[in-house]
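Two complexes are shown next, each including chain A; its partner changes from chain B in the first to chain C in the second.
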Partner chain A sequence: MIQAILDAVSLGGVYALAALGLGLVFGVMRLVNFAHAELITVASYTLVMTHQFPLVVSIVLSVVAASLMALLMELLAYRRLRGSNPATMLIVSFGVSVLLQKVYELVFGALPRSASVATGLTGAFTVGGVSITIASVVTIVLAVVILLAMGYLIERTKLGLQLRAAASDFQTARLLGVRSNRLIASAFVISGALAAVVAFVNVVGNPQVDPRFGLDITILALVGIVVGGMNSLRGSALGGFIVGAVLSLLNVILGNGRVYAYSWMFVIVIVILLVRPGGILSKFATKERV
Partner chain B sequence: MTTRLRLQELLGPILIVIAFSYVVGLQSAQGLLIVQSTLALFVMVLALHVFVGNSGVLSFGHGAFAMFGAFASGIVTTPSNIKENSLQLQNLYPFLVNLNLGMYPSLLLAIAAGALVAGLSGLLLMRLNGLAAGIATFALLGVAYNIFFYNNRIGPGSQALLALPPFQFLEEPVVLTVIVMLAVYLFGISRAGRTLRATREDPLAAPALGISITRVRWIAFTLSGAIAGLGGAMFAHVAGTVQVQDYYLPYTFMTLSMLIIGGSASLWGATVGTLLVTGIGQILLMMEQQKPILGIVVHIPNGTRAIVIALSLVVMLLWRSEGVTQGREFKIGMPKLRK
Partner chain C sequence: MTLFEVRDLRAGYGKVDVLFGVSLTASKGELIGIVGPNGAGKSTLFGAIVGTVGLRGGSVFLDGEDISGKRPEDIVRRGLSLVPEGRQIFSGLSVIENLTLGLTGRRDKHGEKGALERVHDLFPVLTTHRDHQAGMLSGGQQQQLAIARALVADPRVLLLDEPSLGLSPTVVKDVFDRLIAIAESGTAVVIVEQRAHLVTRLAERTHVLRAGKLQATLTKEDAADEAKLTAAYFGNSGE
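Here is the complex of A and B:
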């Protein structure tokens, strides 16, 4: 029971990080970056390929790889699409996603690459007769630390102020002197770093990295930012958390029916959206005005 | 998309689709297969165009309708003796084992299945707005995939449904496609189609004029669900087999990309997008297999084809983000590309 709750919280934390990465980029340029999945994947490959290095080095490398990849996406593709229709941007990000998957397939092969990363984190310990996996505790601590750090960054720093300003009204933010290129680039870099954290947790849990490694979590995080409310960063993180936690709990509650966990979760998502169409954290009365 | 019936807007794309079908389809057995599967995808692209193009709301849920259409049509056209004896179908509901229909009644069933699922889910989904609505439709695809993948009472689960009757003649998919094009165009110039585009252009002014956004979107969603059901079933009868994975993410992205690349707002855009993406894919396939194109052999290494396709999709959208046709309808003497 306790383990189930810990698992739910830790999966929720991971999804919150993934959703926050998506939400940051969405906030500054209305882009639902589907290729976030490939940021997670590239960070995971980096972790697996550098497993012989000290853990810290390989984590730093994976953060660098994912941030660099995010920056490249911005510079080469998304920069040209600013201000276009969100549907078009979404399709472009699909294109980028598929493109990178195929590149990974060419470079690393279609079969999973695996290596044990951070072996110290597998295993369990016992507290008061309850067995608890180390990974779930570490994940929760990591997620909480990163979320707090992000909270500080967003609420207390100048960059964070600009990010929030851009998320609520990009045009006005620009008029008030926010440098859009720099801001968008930093949003991408941060989202890449967040993707690397997600990658680390995932690789520890499941070190079988294939070209589609980041896909599932990204799709669910995507659903998460909609559930939480796309227009606020808090909403995105909260939505991601809800999706991850609910999914984890459903897996326990449904027992043999757990193969249908996704269906139930999506049903819950649709119900939430019907009650709060703008997401959980949306304000009720704020309808767009002319 | 315009408001009145202009024959060239309708006949232009139809004639081009027919010409493509016969020119490529009569070349070889492989050409025939390319044409049939392109037409099946094209019907799906048209389904997306009806909803996405006219309403401006993105939908990822149409793969679900195609899934329902394909499985409905597939399960009733698979011969009973195969259903009784194949391992992956041993848990099938008994009434499904004994149910047998011909190809065309089964296509009607697929249309009905698509329309029913779209109509029911649309009652909920069409109350949402904007990008959130688009992503919520993703949930629909997820649910449908999840159910078909694990439930072996209604289908083969994660296995393939085999031995579906394939189309006999080139004319069958061509005629079906032309009928769908006609329906799509007529919907576009109908009152419902025009009011729906009004809601796309201005979601604040349209309700002020007494238009119910939910209602007109629901009508389009249901119609496009019906067409997607047909498209899914056609895809199944081209391949002769159905597997739930065939209708999941790659299928959804492929058809959506075709629509957006061509230009989602027009019938002509859907046509151009489908033919263009198919064409690029085929040319690259021939390069990979070292076959001559117009007498020239260009060789690209195996595995680069998928990369080049994805890359060209991205580049094309960067070059012209509203699609190649920019949402305009077919017009003779057309390409006045730049103003």
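Here is the complex of A and C:
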């Protein structure tokens, strides 16, 4: 029971980080970056390919790889699309995603690459007769620390202020001197770093990295940002958390019926969106539209 | 000496041309007015100057430097700030956060504290509401915030697009008194107004913009002459 709750909280935390990465980029560019999945994947490959290095080095390299990839996406693909219609940008991000999957396939092969990363985290320990996995505790601690750090960055720093301003009105932010290229590049780099954290936790749990490794979590994190409210970072993170936690709990509750976990989760998602169409933290939910 | 010059500016959106060659100048400490009916191209003119609307010809000079075609974030750093139509304050951010964003456009980062203090002297009400959400301010206070946010960048040229919009007459007078003070401190101030009488009395020169062209220029003395003003504003060619 306690382990089930810890698992739910840790999966929720991971999805919150993925959703936050997506939400940051969406905020400044109105771009749903589907290729966020490939940022998670590249960081995961990096962890697996460098598993013989000290863990810290391996983690740093994975953060660098994902941030660099995010920056390249921005420079080569998305920069030209600034201000285009969101549907166009979404389609292009699908394209980037598929393209990168093919590149990974060429470089690493279609079959999973695996290696045990951070073996120290795979065990369990016992507290008062209850067995608890180390991974779940470490994941929760990591997620909390990173969410707090992000909260500080966004609420207390100049960069965070500019990100918030740009998310609500980029043109006015530029009129005041906010450097658009630099700010958008920063958002991508941070989202890449967040993707690397997600990758780390995932690889520890399941070190079988294939070219589509980051896909599932990204799709669910996207559901999360819609549930939480796309226009607020808090909402994105909260929505990601809810989706992850609910999915984890459903897997336990449904027992043998766990093949239906996704279906039930989407039922819950639809109900939430019927009640609050703009997402849980949306200010506009109560406004009549028709 | 001319600090700010717009020379034969042309601009538009997509297939539509809006401005057909607009020229004007402003010197240090001068207050210049631009009036004209809805859709004349007043906001487009400001947008073209600050880089949010694409130029189709002509140039903009600030202190002799050609700034036409530069990006908005670079133009504000050169000392030209716009208080946009409808204020466009960040309503979800606090008053001080709005002002802090205004500091982004400063060339000299050392004077930040002094700039905020000057704003406090000019608009004490903003200090009272320092930590409140900007969206909770009254219309007049929001307009003051929008002006203050532009001022903390220490602009040499300040453009204001319809600062009187949605304000009661007493508040309008208050805002315009501050604008006069700002001009007197050496900033060139260019004000777009639909309510022509608000600026014609104060401005060194008031240009009448109609259908994308400057149709007439009025001096303070002309402003007293009701007939001349009306003729300039509505056009006397019977078009």
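FYI, the second predicted complex is superposed on the first by the 283 of 290 C-alpha atoms of A that agree within 3 Å, B and C clash if a C-alpha of one lies under 4 Å from a C-alpha of the other, contacts with A are read in each partner's own complex, and residues count from 1 in each chain.
By our rule, a residue touches a chain if its C-beta (ideal position, glycine included) is under 8 Å from a C-beta of that chain, and two chains touch if they have at least 3 such contacts.
Predicted model, so just to flag it, every value in this text is computed and none were measured.
Participant: Overlaying the two complexes on chain A, which is it for chain B and chain C: clash or fit?
Facilitator: fit
Participant: Quick one: is A:Ala195 in contact with chain B, with chain C, with both, or with neither? Answer first, second, both or neither.
Facilitator: After superposing on A, A:Ala195 lies clear of both chain B and chain C.
Participant: In the superposed arrangement, does chain B or chain C reach more residues of chain A?
Facilitator: B
Participant: Would you please give the vertex angle at the Cα centre of chain A, with arms pointing to the Cα centres of chain B and chain C, as a multiple of 10°?
Facilitator: Result: 90 degrees at the vertex chain A.
Participant: In the overlay, answer first, second, both or neither for which of chain B and chain C A:Val32 touches.
Facilitator: So A:Val32 only meets chain B here.
Participant: Applying the touch criterion given at the start, work out whether A:Arg174 contacts chain B, chain C, both or neither, answering first, second, both or neither.
Facilitator: Second partner only, chain C.
Participant: Considering only the touch criterion stated at the top, classify A:Gln162 as touching first (chain B), second (chain C), both, or neither.
Facilitator: second
Participant: Can A:Pro277 be said to touch chain B (first), chain C (second), both, or neither?
Facilitator: Only chain B; A:Pro277 stays clear of chain C.
Participant: With both complexes overlaid on chain A, does A:Leu106 touch chain B (first), chain C (second), both or neither?
Facilitator: Touch status of A:Leu106: first partner only.
Participant: What does the superposition give for the shortest Cα distance from chain B to chain C, in Å?
Facilitator: When the complexes share the chain A frame, the smallest chain B-chain C C-alpha distance is 8 Å.
Participant: Jot down the residues of chain A that show up as touching in both complexes, chain B in one and chain C in the other.
Facilitator: Of chain A, no residue contacts chain B in one complex and chain C in the other.
Participant: Sort out for me which residues of chain B touch chain A in the complex.
Facilitator: It comes out as residues 52, 56, 58, 124-125, 127-129, 131-132, 134-136, 138-140, 142-143, 146-147, 150, 204, 249, 253, 256-257, 260, 264, 303-304, 306-307, 310-311, 313-314, 317-318, 321-322.
Participant: How about chain A: which of its residues touch chain B in the complex?
Facilitator: For this pair, the touching residues of chain A are 32, 77, 80-81, 84-88, 90-92, 94-96, 98-99, 102-103, 105-106, 215, 219, 222-223, 226, 230, 259-260, 262-263, 266-267, 269-270, 273-274, 277-279, 288, 290.
Participant: Would you mind writing out the residues of chain A in touch with chain C in their complex?
Facilitator: Listed in rising order, the residues of chain A that touch chain C are 158, 161-162, 164-165, 168-169, 171-180.
Participant: In their complex, what parts of chain C are in touch with chain A?
Facilitator: By the definition above, chain C touches chain A via 50, 52, 71-73, 76-77, 81-82, 84, 88, 90-93, 97, 100-102, 104-106, 149-150, 153.
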